[in-house]
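First chain A sits with chain B, and in the next complex the same chain sits with chain C.
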Partner chain A sequence: MEEIDKLLEDFKKRDRRALSRLITIIENNFYKIQKKFYLLLDGTQKSYIIGVTGAPGAGKSSLINLLISAFRKEGKSVGVIAVDPTSHRTGGAFLGDRIRMQSHALDKDVFIRSMGSREGKGGLSLSTPLAVRLLDAYGFDIIMVETVGIGQEDIEIFKLSDTGLLVVTPESGDDIQLIKAGNLEEADIIVINKADREGADRLYKEFKRELGNVKNSYGFSPIIVKVSTVKKEGISELIEAIDIHKRFMEDNRVFEKKRRERNLSLFYLLMDYTIRKTLREEGIILKDIESGNIDPFTGVKKAMNVICE
Partner chain B sequence: MEEIDKLLEDFKKRDRRALSRLITIIENNFYKIQKKFYLLLDGTQKSYIIGVTGAPGAGKSSLINLLISAFRKEGKSVGVIAVDPTSHRTGGAFLGDRIRMQSHALDKDVFIRSMGSREGKGGLSLSTPLAVRLLDAYGFDIIMVETVGIGQEDIEIFKLSDTGLLVVTPESGDDIQLIKAGNLEEADIIVINKADREGADRLYKEFKRELGNVKNSYGFSPIIVKVSTVKKEGISELIEAIDIHKRFMEDNRVFEKKRRERNLSLFYLLMDYTIRKTLREEGIILKDIESGNIDPFTGVKKAMNVICE
Partner chain C sequence: MNRRLRVLIAKPGLDGHDRGAKVIARALRDAGMEVIYTGLHQTPEQIVETAIQEDVDVIGLSILSGAHIPLFKRVMDLLKEKGAEDILVFGGGVIPEDDIPVLESFGVKKIFTPGTSTREVIEYLEEYFKNGRN
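On to the complex of A and B.
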């Protein structure tokens, strides 16, 4: 327990090792710091959060790498959480991507960390927002969260972000399909990466046509930006698009609304975590519910007794 | 309250109006019967549950219509819950589909009911499994649950089912993409509907190739069946495929495992519902968490006090 107190103290002194260690604890043994975690939060939530999602191979990490450089030139500090898709059958160059970003490894105002994505409740869902809050408390101006965009996770990452980027490429012919399926209407900016390749213009036009009249749940029409991370082109346009979106949110009080939703969402995730943990430790009730010895309704009554003991 | 007691009594006498009325209460005012709902469950869970999902226009309702006829010929009673996609931008002939199934309207051993699909927790997630448990308690041999398959809901419906059917058509060129995206690996049977149309054989081969070596989380390789609901062809093959899957589950004790998971899942949904309802009624804590007046961790402590009062 003393070790934890020391960690919290070091964190408040902006010690990077303490930050890194706390993220490891969030990932693996969150219960160890749950009761003291609130001491780390100042409630101000000053960081600007950018979510970056897209299919494997879309070039998310290269893009983040260039965004880091751009933000650093503006004098802003940057924290990055990259959620590893351990639960998906994607394979590929994920670790390589991480290493690529290490060109910023010696910059003390850049912090990059990958986290495992565990399936199910309390895995990705809880640890990612907790890590983001931790980076916020540490004081980064910008926080970027990268995740492989498959289905539902896109939406989670957009909810977690102030500005949500969807990265697509001319090669990924299925992206328009995904948009039609309705999963991606909440992206704030569509980044067409590998814009030097064949088909980029066609894709741009297709997105323009599909999304031209679409407004998301708070009235914003996604901005479409062409980028080439290889040729380092389009990054300033992307930064400008992020600014446009930020101003829209400020002008329409969306910023505030998003923060409120995130507070509530984190609260419910914590409630869920606490309750599941308490019941797992008790053990018997869950077994009886699983086996059908007691019905789920009676289970709720009994569970309430355990939780309220 | 007396009205509820009368309803429960009528339900136990297998009164259809009571069944119908109870589903309406589940949809709109579940809190009214929450405390007495356990009285309806006998814990045996005898019904066989078939989930049917697929894109709009794939012919799910026509298929269910033919399956009802086939099961009725075997002397089995059938209950159907069709989840309406009110939260999606799909549009289309949903109500028309409902009416089409009314060819069984006069059969007292067939019960068909559509339910709204509300977004968010406690909407679709809670009311659908509750309705299924109710149909089970009523004593239907077969329960079918139909839903429009977009993203995450597919998986939900497969978890809720003993056998999960994914309905595709030669026209829907994106289905292979969806499978590649990893969303549909948990389907037990892929039904290629409109098999009389061009491209059905190509689609069949494509699925065979993609899914030939795929086993789902409990070791079953999806069966692919061609059906034409218009020509009423392939239905007996589909019934046989359902039987094969059922036998596989019995032989490998998956049946039992699925039921255990469903019990636990319904319990957690009920816990969540109860907690959210209690906190919404209290009101102040949620507001303070949303606004950031209290951090989510302090919120959990305060919420526990309210719940445990």
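On to the complex of A and C.
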């Protein structure tokens, strides 16, 4: 326990090692700091959170790399959480997003952390929102979260972000189908990356046509931006689009709404985690249900007693 | 304890291919580890800073360029400077037999010479961490 207190103290002094150790604890043994975690957060959420999702190879990491440079030019500090899929079979993960971002490795105002998706739904486990909260408490102006998203799962990351970017490319011909299926309406900005490749203009027009009159749940029409990270083109337009979205949210009181929803979703994740953890420790109820000794309904009653003790 | 080994595989130096590094990275992933891979031409400063941000248990350096002695020395010095000498460092690549004791004297725990199977590397790490992170 003393070790944890020391970590928390070091974190408050903005020690990077403490930050990175705490993220590991979040991922492995969150219960160890669960009771003290709120002490770190002091109630404020100041960072601007940008979610970046899209198919593998769409250029998300390359894009984040350029966005880091752009934000750093404005003097803003940047924290990045890059989530890559965990193999369900082995539990291992190949975390390669940093390859594109290593030019920022020695910048004291940039912190990049790779995470395996582990058992999280939609690429997001409890660890991701908690790590974002931690980066926020540490004081980064901007936090970017990269997740691999295919279809429906994208939504999870958009819920976590102030501005959600969906990265598509001219190669991935099925993206328009996804739009039509209505899965992507919560993206705030659609980034057509690899605009140096053939078909980008056609894709742009298609998106414009499909999304021209579409408004998301709070009345915002997604902005479509063409980018080429290899040619370093379109980045200032993207920054501008993020700004437009941010202003829209400020003008329409969407910010508070988003943050309230985020708190609620974190609450559910924490409840889920706490219940599972408590029941695993208690043990007997789970065994009884598994073996058929008690039915699930009786199980709930017993579990409520254990949890409320 | 629900922990997973985190390993940084890095390729310092100037030589231009990382096949060996990728092979070991994938093998460690398949053994259930989280492998952070940073690509070619990493400086010792980048490697150590990355290791800290990623809070890894292990750094594996793949070296072919022949400049292994100063590179390893610098990595080990920086780790000490940052109070991160608890991270296990191993190396792989074409390293002359005579240089191995020199590298070990810097605190490098293990050198795997060409021909080592990925299985051996995995077994070494699993054995080293069988009682958890130090």
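As a working rule, the second predicted complex is superposed on the first by the 291 of 309 C-alpha atoms of A that agree within 3 Å, B and C clash if a C-alpha of one lies under 4 Å from a C-alpha of the other, contacts with A are read in each partner's own complex, and residues count from 1 in each chain.
The criterion applied here is as follows: a residue touches a chain if its C-beta (ideal position, glycine included) is under 8 Å from a C-beta of that chain, and two chains touch if they have at least 3 such contacts.
Please read these numbers as outputs of a predicted model, since none were measured by experiment.
Enquirer: For A:T24, is the partner it touches chain B (first), chain C (second), both, or none of the two (neither)?
Expert: In the superposition, A:T24 touches chain C alone.
Enquirer: May I ask you to decide whether A:T274 touches chain B, chain C, both, or neither, giving the answer as first, second, both or neither?
Expert: first
Enquirer: Between chain B (first) and chain C (second), which does A:Y38 come into contact with in this model arrangement: first, second, both, or neither?
Expert: First partner only.
Enquirer: A:I307 contacts which: chain B (first), chain C (second), both, neither?
Expert: first
Enquirer: Which partner does A:V230 reach: the first (chain B), the second (chain C), both, or neither?
Expert: After superposition on chain A, A:V230 lies in contact with neither partner.
Enquirer: Which partner does A:I289 reach: the first (chain B), the second (chain C), both, or neither?
Expert: So A:I289 only meets chain B here.
Enquirer: After the superposition on A, what does A:V214 contact: first (chain B), second (chain C), both or neither?
Expert: neither
Enquirer: Based on the superposed arrangement, let me know which partner A:L264 touches: chain B (first), chain C (second), both, or neither?
Expert: In the superposed model, A:L264 contacts chain B only, not chain C.
Enquirer: Comparing chain B against chain C, which has contacts with more of the residues in chain A?
Expert: Larger number of chain A residues touched: B.
Enquirer: With the two structures laid over each other on chain A, which partner does A:I112 touch: chain B (first), chain C (second), both, or neither?
Expert: second
Enquirer: Chain A residues touched by both chain B and chain C?
Expert: Common to the two interfaces on chain A: nothing.
Enquirer: Within their complex, state which residues of chain B touch chain A.
Expert: Touching chain A: residues 34-35, 37-38, 41, 43, 45, 88-89, 150-152, 174, 177, 181-183, 259-261, 263-264, 266-268, 270-272, 274-276, 286, 289-292, 295-300, 303-304, 307-308 of chain B.
Enquirer: Which residues of chain C touch chain A in their complex?
Expert: Touching chain A from chain C are residues 1-4, 6, 25-26, 28-39, 42, 45-46, 49-50, 52-55, 82-84.
Enquirer: Enumerate the contact residues on chain A facing chain C in the complex.
Expert: 16-17, 20-21, 23-24, 27-29, 86-87, 90-96, 98-99, 102, 105-106, 111-114, 116
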